[in-house]
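See the structures that follow.
Two complexes follow with subunit A in common, the first pairing it with subunit B and the second with subunit C.
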Partner chain A sequence: MNKIMYLEFERCIGCRSCQAACRECGDHDAKERNYVEYVDFMESRQTYPMLCMQCKDPACARVCPANAIQITEEGVVLSAMEEKCIGCRNCTFGCPFGIPKFDFEENKMYKCDMCYDRSKHDIAPMCASVCPSDAIRFIDYDEMMQLRRKRTQMNLIEGKKPQEGNKWEYVPEFFGVYSD
Partner chain B sequence: MSDFVAKKGVKNLQHKDEKLITTHCCYCGMQCGMHIRVHKRTGEVRGVEPRYDWPVTMGKMCPKGVTAYQTIEHEDRIKKPLIKKNGKFVEASWEEALDLIEKNYKGLQSKYGKDALSVFGGVSMTNEKCYLVGKYARVALGTRYIDYNGRFCMSSAAGGFIRTFGVDRGSTLPWTELEHSDCFFMAGSNTAECHPTSIQWFWKAKDKGAKMIVVDPRETPTARVADVHLDLKPGTDSALANGMMHILVKEGYVDEAYVQERCNNYEQLKEQVAHFTPEYTSEKTGISIEKILKAAHIFGRSKRSVVMFARGVEQQSKGVDNVALYSSMSLLKGHIGKFASGVATFTGQGNGQGGREHGQKSDLLPGYRKLTDPEAVKYISSVWGIDPEEMPKPGVSAYEMFDEIQKGNIRAMHVICSNPAVSAPNTEYIWDGFKKLDFLVVSDFFLSETAEYADVVLPATSWAEDEGTTTNIEGRVIRIRKVREPYGDSKTDWQIMSEIAKRMGKEKHFDYKNVSEIFEEFRLATKGGKADYYGVTYDKIDEQDGVFWPCPSEDHPGTPTMFKERFATEDGKANLAIVDWREPGEIPTEDYPHILTTGRVVYHYLSGNQTRRVNFLMEQCPLPYVEMHPELASQYNFQDGDFCKLTTRRSSMTVEVKLTKAIREDTVFIPYHWGKELSVNQLTNPCLDPISRMPEFKVCAVKLQKIAEYEMPSPI
Partner chain C sequence: MSSLERSFYSKTSMYAFFVVLILSISVWFSTGQFKHMDMALLGYLLSSMIFAIGLTIRMCAWLLRPATHKVIHRSFKNLRTRERKNRNLKSVFITAMENIFLQKFIFKRGLYRGIQHWLISWGCIGSFAITFGLTFGWMRFDLIDPETYQIVVFNVPTMIMPAHGLLAEIIYNGLNITASLVLIGVCMAIYRRIKDNDVKVTQRFEFDILPLYILLAVTVTGLFLTVSYVLLEGFMHHYLTLIHQVTVVILLIYFPFGKLFHLPIRPLTTAVPMNYQEKVQIDTRPCHSCGAMYSNDDQISDVKGILEIQAFDLQLEDGTFLADYCPACRRRIRVMKQLNLGGPQGNPFQPIETRNGIQMSGFGKKRSEDFYEGSNESEQTTVHGGDQ
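Entry: the complex of A and B
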C-alpha cells in the first residue's frame, strides 16, 4: 500500500456518509467501524470523524490474550480472527481511541481494516472515497506533507483564525495537528 | 455499448461475480455519479461503488446516496396494482386497475367535462418521463389542470431568473469552475446537509483563500465554515440584498461599464437602495451592522464571486423578489457570464432543472415554451400530432389545484412521483382535498402518505429500473442507466401513462416501444425553445461527461457558461430588481410570538417516502424535532428532550426539543420529512408568492407550549 489516510477534522460536516459507506465494504457485515461525534451540539454543529489510527504497536493487539488481532505486512491492523477471538473485550478497553467494537451476538470484536480488500490495491477505503468534504482522504505521503506545509503557509497569509464563528475553540486539544 | 463507464487509469473494486453499471444518484440535484453493483447471474442489486471520475462529484456521496440502492429491492416495494375496496387495499391485475381507471375517467369527463381530471407531477424522474407527464395530461386526458411538485421547490428561482435574465437555467456557470472563485455569497442554503457533495468545491476554493458569506437564521454546518455568517431573521432577505447593494453602490464596488452596457434599471436601483442604509437593514434583518459591512466589503472586493441561494430565500411569499435581488448583487459586480463567477440556485430534486422545463407546469410547454404563445402551441401541437385548437389552456398552480377540488371543479387526480400529503403546506387542507375527490390514482413504488388516500395505486419502477436523462444542478444533461428489470409487476411511468392513454383512445400519440423513442420526440419538442435539448444525444453525454443546454444542434458542444455576450431577455440586457421592503405573510404577534422555519436534514430526502425506509438513515434521524436556542427554551422551562407543542394559525403538532445555540433566539426549526401528525407542513403558511405561486414554507408565526407527557407516533 502506497497511500495513507489523512484526516482534517474541521472539514467534517457531520453527514456520516463515512459510516454509511463503511457498512458497504464487502467484508464489513453491514456494520460500521468508524465514528462521527459532535464536539458539543449545544455550542456548535462542529463534528469530527474518528477512525482507527492503525497504530504501529497497537494496544488492541498487545492486550489480546489470544493473539487474535493480526497486522498485515502493510501495517493494517485487522479485526480479531474469528477462530482465535475469545470474546474477552480487552481490546475495546485497551484502545486509547475507543475504536474496536464488540458484537455481542457473535461474541467477537470487529474494527476498521481500512477496507483491506480495496486499500491493498491502492483503491481508497469506502469512507475516504465518499467523504463529501475531504475530511477523510486517502492520499500519497508527499501530498499529505504538502497539505500540511500549505496550511502553515495559508495561516501566514490569512492569519490564524480567519473565521468569525471560531470553530477552533471546539476542536479538542488532542487533535493538535492544526493548532500550530 | 458497455453499461460501465470509467476513464483510463481509474481503479474500481470489481468482484468476480458482479458487474458495475454506471449511473447517478436518485436524490438531489447534485446527481452524484455512482456505479451500482449487480450480481451477474441473478441480476440482484448488491451495493454501490464510487464513481471517482465523474467530474462534478468525484466519487463522493452523502449517506442518502450511499444507501440509495437499498430502496430498489426493498421489502416495502409495491409489487402489484392496488385497488381500494371497503377502505382496504386489495392486490389486482393491471387489467382490473386500468379498467377501473378508464371507467372513472371517462365517466367523470362525460359528466363534468374534460377538466374534471387533473395531474400532479413530480421532478424526481427523468426528462423523458417529465416531458411525457405534460403530454399525458394535455393529450391523453385533455385537461388543463396539470402542475407539479416543483411548485414547492424551484418555481421562485425560475420566476426570478426569467425576470432578471430572460431564461431559467439554475446555474450560469459549470460547477467545476467553483474552485477558482474567490467569494461565495450563499443565502438560504444549508448546502452541507442538503447537497453535501457540493461542499468539496467550496473547500477547494477556501483552501486557496476564497471567502464564504452565509445567510441563514441557523448556524448550519454550512454557516459554521463561513467567514461571515449573516444570521438574519427569516423572511427578511429582500432587506438584506437591498442593504448589500446600498453599500456596493456607495463604496464604488459597482462595475459601472458592465452595468451600463448590459443591465436595465440602474438609476432606479440606486434610488431604491438609497434608504437601505446599514442601520435600516440591520433593523429589518436583525443582523448586526458590523457583520453587514464586513460581508459587503468582502463581496465588493472580490474579483470572481458566485451568488448562490436555495429554498431558504425562495420558499417565501417574496421568493421571486429575493431571487431577483440576490441576482442583481452579482450583476452590479459585473460577474455574470464570466469565468468562475455567476449566480446559481441549489436544485432540490434530482431532475428539478430538467423537470421544470418541459411542460409539467400549468402554463408551460416543452422547451420552456409558454402555453399562452400561439406559435408555441402550434409547434408543440405539430410535434404531438394534434390540432392546436385541442391544446388545453393554462391551468392553476399546485396548491391552487386543491382550491379547485374544494370548488368541485377537479373531480379526479393522478399523482405521479410526488407526495403532496407531506410536502404541500397546510397539509390538513390537502388531506381534505384528497378525501373530497371522486377518484384518486397514485403511481409510486412505495405506499406514500398520498397513496393511502388513493382509489388505485399503480406500482411504478424506481429510478434504477429504467433509463433516460436528467439535468443536474448545473444544467448539465446526464444519463441514467437501467440497473435491473422492473421489480414485481411494476411498470415504468411512461408505460403507465401510455397504457392509460390507450384506454382513453389516444394510443396513436403514445406509441412508444422504448425510452429512446420518447427522447427523440422530446428533443424535437424542445427544438428552438429556450431550453433547447435538440443537440443532446446519449452518445454525446458519455463522450463529454454530460451536455449543458442550450444545445441547439448535434454539432453544438452545449453551453456550460450562460450569458457570455447577451442575456436572454428581448433587449439582451439583464433587469436589475427594483423591490421595496415588504413584510412576510405572517409576522410574530402576541398570540404567536416566535418564528417557525423548516428545512431538511442530511439523512432524508423530500417527503421521506424513500429515506424513511432505509435503516441507516432512520438510525441517525428517526423522528422530527424542534431546534431551539437555550435562551428561548428557558422562557418556557424547556430542557433537552422535553416535548413541545407548536401551534400556528393552521394547526398544531408535538415534537421533542433539541437545544443548541446554533440558531437565532427568536426562531425555531423543524425538519419536514415526515407525514401525518409528524408533518410540520400541518403548520406552514400557504401564503403564495404572487408570481411563482410558491408557498411560504420558511416563515410563519408560532406559539410554544410545554407538554408533560407525549408518545411520539410511528415515523413510517
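Entry: the complex of A and C
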C-alpha cells in the first residue's frame, strides 16, 4: 500500500457522504466508523471529517488489556478482535484522537480500518471515494508531499501562520476593497 | 521467592515447572501411586503436560503486558477490598452467567453466530473436562462386580451405578455428545467463513480457519472411533485411535498460541463491571472541557498509568492529560490545533483590520472597548451609578 489518506479539514462542507459511504463498506455492519463534527458551532459552521490516524505505535493497542487490537502488514490498525475484546473501553480513553467507537449491545469496539479490503489493493477507502469537496483524499505519497509543500509555501509568503486572534490580518488585499 | 526464581531461567519457566509438578502430583495421587494408570492414555498425558507448559508460557506473556497487568492488579485489589464485596460477587456472577455461560453478547451479533459459538464452546469445554479428567486419572471407573461400576474421583470412591443403566450410558457417551455439539458448531462456522463476504475482510487462514479444521479433524476422527466399534465391529480401530491421538496432540499444541487462546483469558471480562462500569452505559466522570459524562475515575487513572509506563506523553500544556477529555473533545482539540484555532491570541475583541485599513465587524464579536475611546468611560460610570 503506497497511497496515503490526506485530510484537509477546511475543505469539509459537512455533507456527511463519507459517513454514509462508511456504513456501506464490507464488515462495517451498517455502522459508520468516521466522524463529521463542527469545529466550534458557536463561531462558525465549519465541519471536519475525522478518521483514524493508523498510528505506527497505537496507544489504543497499548492500553488494551486483552491484546485485541492488531496491526496488519500494511500498517492498518484493525478493530478489536471480536473473540478477545472484553469490552472495557480502555482503547476509547487511551486514543489521543478519540477515534474508537464502542457497541454496548454486541460488546465490541470498532474503529476505522481504512476499508481494509479496498485499501490493501490500493483502492480508495469508501469515504475518500465519495467526498465531493476533496476534504478526504487517497493519493500517492508524492502528490501528498507536493500538497504539503504548497501549504508551507503559502505560509512562507504570508510570513507566518495565521492564528485565531489575528487571522484577519492575513486576508488578501482584494478581499475588502470597496470603492464608490 | 527471589532465590528460588534465580535457580530458574525465568519466572515463566518457574511457573511452568510448578504447573507440571502439581499436575504430576495430582496424577500420582489420584491414580493411587500410578497403580491405576491408563496406559492407553499415556500419549494424551504427555501432550497434556506440554499443553500445560504452553498455556503457562502464553498466560505469562499475556500477563506481563502493562495493560493486562494493570487491570489484573486492580481486579485483585478490588477483590480483597471488603467494602466492594457485594459488587464483586454480583459482577462475577453476572459475568459468569451472561457472558460466559449464555454468551448473550454473541447472540446479539447474530442468532446463527450465537448458536454456532455456544455449541463449539460448550462442546469443547465439556470434551476438555472429560478428557483431562480421564488422562490425569482424576476420574476413573472401578468394576465392583460384573454388573456394577463405581466412579472414583481423585482416588475417593463415590457413587455406584449399574453397568448398563441410563446414567452409565450417558457418562460413557459423554464425549460423543460433546463431540457432536462441536461438530455441528464447527460445520456452521466453516460454512459462515466460506459464505460470508464480511468476515473475509480481515480473516487470516492460520488464525481463523485452521482452528476450525483442527477441531473438525479431532471430532470426526473421535466420532469415527465410536462408529468403528459400534457399527463396524472394530474396523481399523487401532489405527483410528492413533490418527485421533495425532489430531488431539496437534490441537493441544496449537491451543495456547492460536485463536482458541481466547477461552482461558475470557474471565478477565469480570474486570469490567467489577472495576470500571458497574452498570452498563452509566458513566460517572465528567469531561474536563465540556462536562459530559464519559468514563469513571478508576479507569482513567488506569489508562493514564498504562500510557505512562509505555512512555506515551499525552500531557497538555495546562497539566491535563488527553484522557481527561471525552472523545468528542479530543477530536476537537486535534482539529483546533491543526487549524491554528488553539486558543485566543491577542485581543479577541479587536476589530478586524485588513491591510487596506478598512474596518469590518467581527462577525458576531463585540468591538473592543478602546474602539469607542472616550465615550465608554462615561457609560461605565453611569451603569455603575445606576446599580448603586
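Couple of notes before you dig in:
What we mean here is this: the second predicted complex is superposed on the first by the 151 of 180 C-alpha atoms of A that agree within 3 Å, B and C clash if a C-alpha of one lies under 4 Å from a C-alpha of the other, contacts with A are read in each partner's own complex, and residues count from 1 in each chain.
Everything below uses one rule, namely that contacts are C-beta pairs under 8 Å (C-beta built on N, C-alpha and C of every residue); 3 or more make two chains touch, one makes a residue touch a chain.
Everything numeric in this text was worked out from a predicted model, so none of it was measured.
When both complexes are overlaid on chain A, the residue A:11 reaches subunit B alone and has no touch with subunit C.
Judged by the touch definition given at the top, the superposed model places A:130 against subunit B, while subunit C stays out of reach.
Of the two partner chains, subunit C is the only one touched by A:89; subunit B is not. Once the two complexes are overlaid on the shared chain, A:39 sits against subunit C while remaining clear of subunit B.
In the superposition on chain A, contact of A:117 is made with both subunit B and subunit C. In the superposition on chain A, contact of A:3 is made with neither subunit B nor subunit C. When both complexes are overlaid on chain A, the residue A:26 reaches subunit B and subunit C alike. In the superposed model, more residues of subunit A are touched by C than by the other of subunit B and subunit C.
Of the residues of subunit A, those at positions 10, 26, 117, 162-165, 167 touch subunit B in one of the two structures and subunit C in the other. Taken together, the subunit C residues at the contact with subunit A in this complex read 62, 65-68, 70-72, 99, 105, 108-109, 197-202, 259, 262, 265-266, 268-269, 271-272, 276-277, 280-281, 294-295, 299-300, 302-303, 306-307, 310, 312, 314, 322-323, 325-332, 334-336, 338-348, 350, 352-356, 358, 360. Note for the complex: subunit B touches subunit A at residues 11-13, 15, 47-48, 50, 52, 59-63, 65-67, 192-193, 196-200, 203, 207, 209, 219-229, 291, 294, 602-603, 616-617, 620, 630, 658-662. Residues 10-11, 13-17, 19-21, 23-24, 26, 41-47, 117-118, 121-124, 126, 129-134, 150, 154, 157-158, 162-165, 167 of subunit A touch subunit B in their complex. Partner subunit C is touched in their complex by these residues of subunit A: 9-10, 26-27, 29, 35, 37, 39-40, 48, 50, 59, 62-67, 78-79, 82-84, 86-90, 92-100, 104-108, 113, 116-117, 161-169, 171, 173, 175-178.
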